[in-house]
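Below you'll find the structures, each written out as structure tokens.
The two complexes that follow have chain A in common; it is paired with chain B in the first and with chain C in the second.
For the complex of A and B:
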């Protein structure tokens, strides 16, 4: 029997009840949202369940929503069940003051560098990661550049005239 | 030099292994990447990869650019097959905007994408020859990549960083000359590819250098997030063109070649076979294009004036085109709020675009799923216990493109 989003929703409802939500987004992809401390439980369930078998981690990244107080940082996993050829998106949110989530490296070797990249750009701390250090940026960097509070231009530079380069303007 | 100036690191006297810095700018690394190898004699004990030397913060840059201007950023990801990235990005935007492209546009895209795939595989396979000591094959096939670049030039005016196409289609129709060049390529390339194959496929030295080197099992490859030829060499027939068809790939007949051991030789063979399949897809696509008659044969973009940048001569002479041009450039067009993930089969694996739109003119967040960033982390596992020369071979067989890895 082919795996449908309805099946997945039911399986998740049965297993986790109300704490984990699974809704279909406007482009037809099932989006699962869970409390951050449940991320490994959900990932493990999706991985092991005989009917689901989401065993391929396509992508892992972070997003910063400064206006969502208490859940500013999101970690987004894209999973693929190759057997059934179904993709899903899995999201967890963490507060920016304590951005700690469990690492998925135990389940997916691929998560290693993806989590390092997410840490590098968003400062999300993956608890239990074997080697959580910066990967694309220099080690000396003391901020997380993809967070929204950092505008595109380097604010420490004084050799450029703001007005000429559109900094601090109102262009959205 | 007196004794006090020599500062040896802790434990370096007792150490029995050698540390070797391979890179960042070593000719055999094909790009700026560094590997710190720990060697016991010539055998590799451990490898520590450093990447990010050409990181250009594309994801951050994209947050300030309107959709159309991000195409130029995608050029610079995998620069060996820029049209693939361009088309992937346009299709992501079309998914977000709900734009349907006509069949002819899809087929034209397939032609450009398959040409780019051939160019990408050709470089990788011939560079593998160079790393095994055979320079001739590389120089010989370069003239055929040149033929592909000439087609790019005819279609979009550029050769390497192509910025090809627009959201909704192409900026102009393909000229007759472009099709003539395609015909020339289709006529001349198979013979050269066969010759190239003859030079390597049963070559004793090449086989000894690549067979059983850098192998990986299907299970490990999947766990490491391998995609593309590297995964198929390990025996998994996962190809985005078949699993999640885009650009009407379902209209074409082609085979997904797979290997069994996932070693360098299998990777080489899979790429080689894929080039033959790409040639077959090209022939099919060209036939389909020729079958369009009358007004249909002139279609080169979707009819979505709100998102498709109008032709410049129309902007100067027609009121509507001028309005739409202004609206698109100034970010006045309606962009839906939503999240899309779209992926294509790029030269070296599944290239994905995760785009979050908050309705503004530029993405709220854009993330590139770069295939070689993800599978390069398996490098240590691939080379552990093998010889130093195998490390070079493994690296070039993975088709690592620094531009894509570092984004």
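For the complex of A and C:
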């Protein structure tokens, strides 16, 4: 029997009740949202459950939502059930003051570098990660460049006149 | 529809089988030629520059065309592209240099023996170009001294050849004492190079 969205929703409701939500959000992809303490429990359940078998971690990344007070940072896992060829998205949220979530490296080896990248760009601290340090940016970088409060442009530059580049300056 | 191709429209008669670099200024008589050591060494150096290509992106592709038979940088004595910095005279940085690549460019520069020259080819190597962002070095002159900048995004092979010719001018006219001078030491010191 093919695995349908309804099946997945039912299985999650049976296991976790109201604390974990599963709704079809955007692009027809089922989106599961859980409290951040439960992320490993949910991932383990999705991995081990005989009917689901989400055993392939396609992607892991972060998102910064500055307007969501108390849950500014999201960690997004894209999971793939190779047996059923079904994909889902799993999201957890963390406050920006204390961006700590449990690492998924124990479950997926692929999560190692992806979590380092997410730490590099969003500053999400993966508790239990074996080697949580910057992976793409220079080691001397002292901020997390994809958080929204940091402008994209290089701030160390002095030879560019902002007015000529259509940002800042006095000309509106 | 195929594009009409025509070449060698203007037939140029071959003037000499072998082209020779022009003589420097000096005094000539029967059986002797007297000139300054500077200009002889300058002439020899400028016509045998060994380039070290440091190509990271599209400007590197233009450089490949420059080295190819159509544009043929070999005409200017630079056909010997070296891939060891210790053998080369001219560091050609072509393409976007990310901040993480900056120390690599610097190390390659440090490994080159004096006298050495640097040419920044293209907008990215010269100024960061369109990549005004947290991860890209805003011009390689932040890590190594640069002699010639070639503008363009990417520059055409003609522009790269022109840049190499500007380097040849610098090399040919350089005083032999320049690399020992205080000014040059101050320049290197400003980059933290001893």
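One rule holds in what follows: the second predicted complex is superposed on the first by the 166 of 172 C-alpha atoms of A that agree within 3 Å, B and C clash if a C-alpha of one lies under 4 Å from a C-alpha of the other, contacts with A are read in each partner's own complex, and residues count from 1 in each chain.
Criterion: contacts are C-beta pairs under 8 Å (C-beta built on N, C-alpha and C of every residue); 3 or more make two chains touch, one makes a residue touch a chain.
Just so we're clear, the structure is a prediction, and the values are computed from it rather than from any experiment.
A.B. asks: Applying the touch criterion given at the start, work out whether A:137 contacts chain B, chain C, both or neither, answering first, second, both or neither.
C.D. replies: Both partners.
A.B. asks: Could you let me know whether more residues of chain A are touched by chain B or by chain C?
C.D. replies: B
A.B. asks: Can A:145 be said to touch chain B (first), chain C (second), both, or neither?
C.D. replies: Touch status of A:145: both partners.
A.B. asks: Which chain A residues contact chain B in one complex and chain C in the other?
C.D. replies: In chain A, positions 136-137, 145, 150, 152 sit in both the chain B and chain C interfaces.
A.B. asks: Touching chain A in the complex: which residues of chain C?
C.D. replies: Interface residues on the chain C side: 99-100, 127-128, 132-136, 138.
A.B. asks: Which residues of chain A touch chain B once you look at their complex with the stated criterion?
C.D. replies: Residues 25-27, 29, 31, 55-59, 61, 63-64, 76, 78, 82, 85, 87, 89, 108-110, 112-114, 117, 121, 135-137, 145-146, 150, 152, 172.
A.B. asks: Where on chain B is chain A touching in the complex?
C.D. replies: 51-52, 55, 57, 59-61, 63-64, 95-96, 220, 222-225, 236, 238, 243-244, 331, 336, 338-341, 343, 350, 352, 354, 356, 360-361, 364-365, 367, 369, 373-374, 376-378, 406-407
A.B. asks: In the complex, go through chain A and note every residue touching chain C.
C.D. replies: By the definition above, chain A touches chain C via 136-138, 141, 145, 150, 152-157, 159-160, 165.
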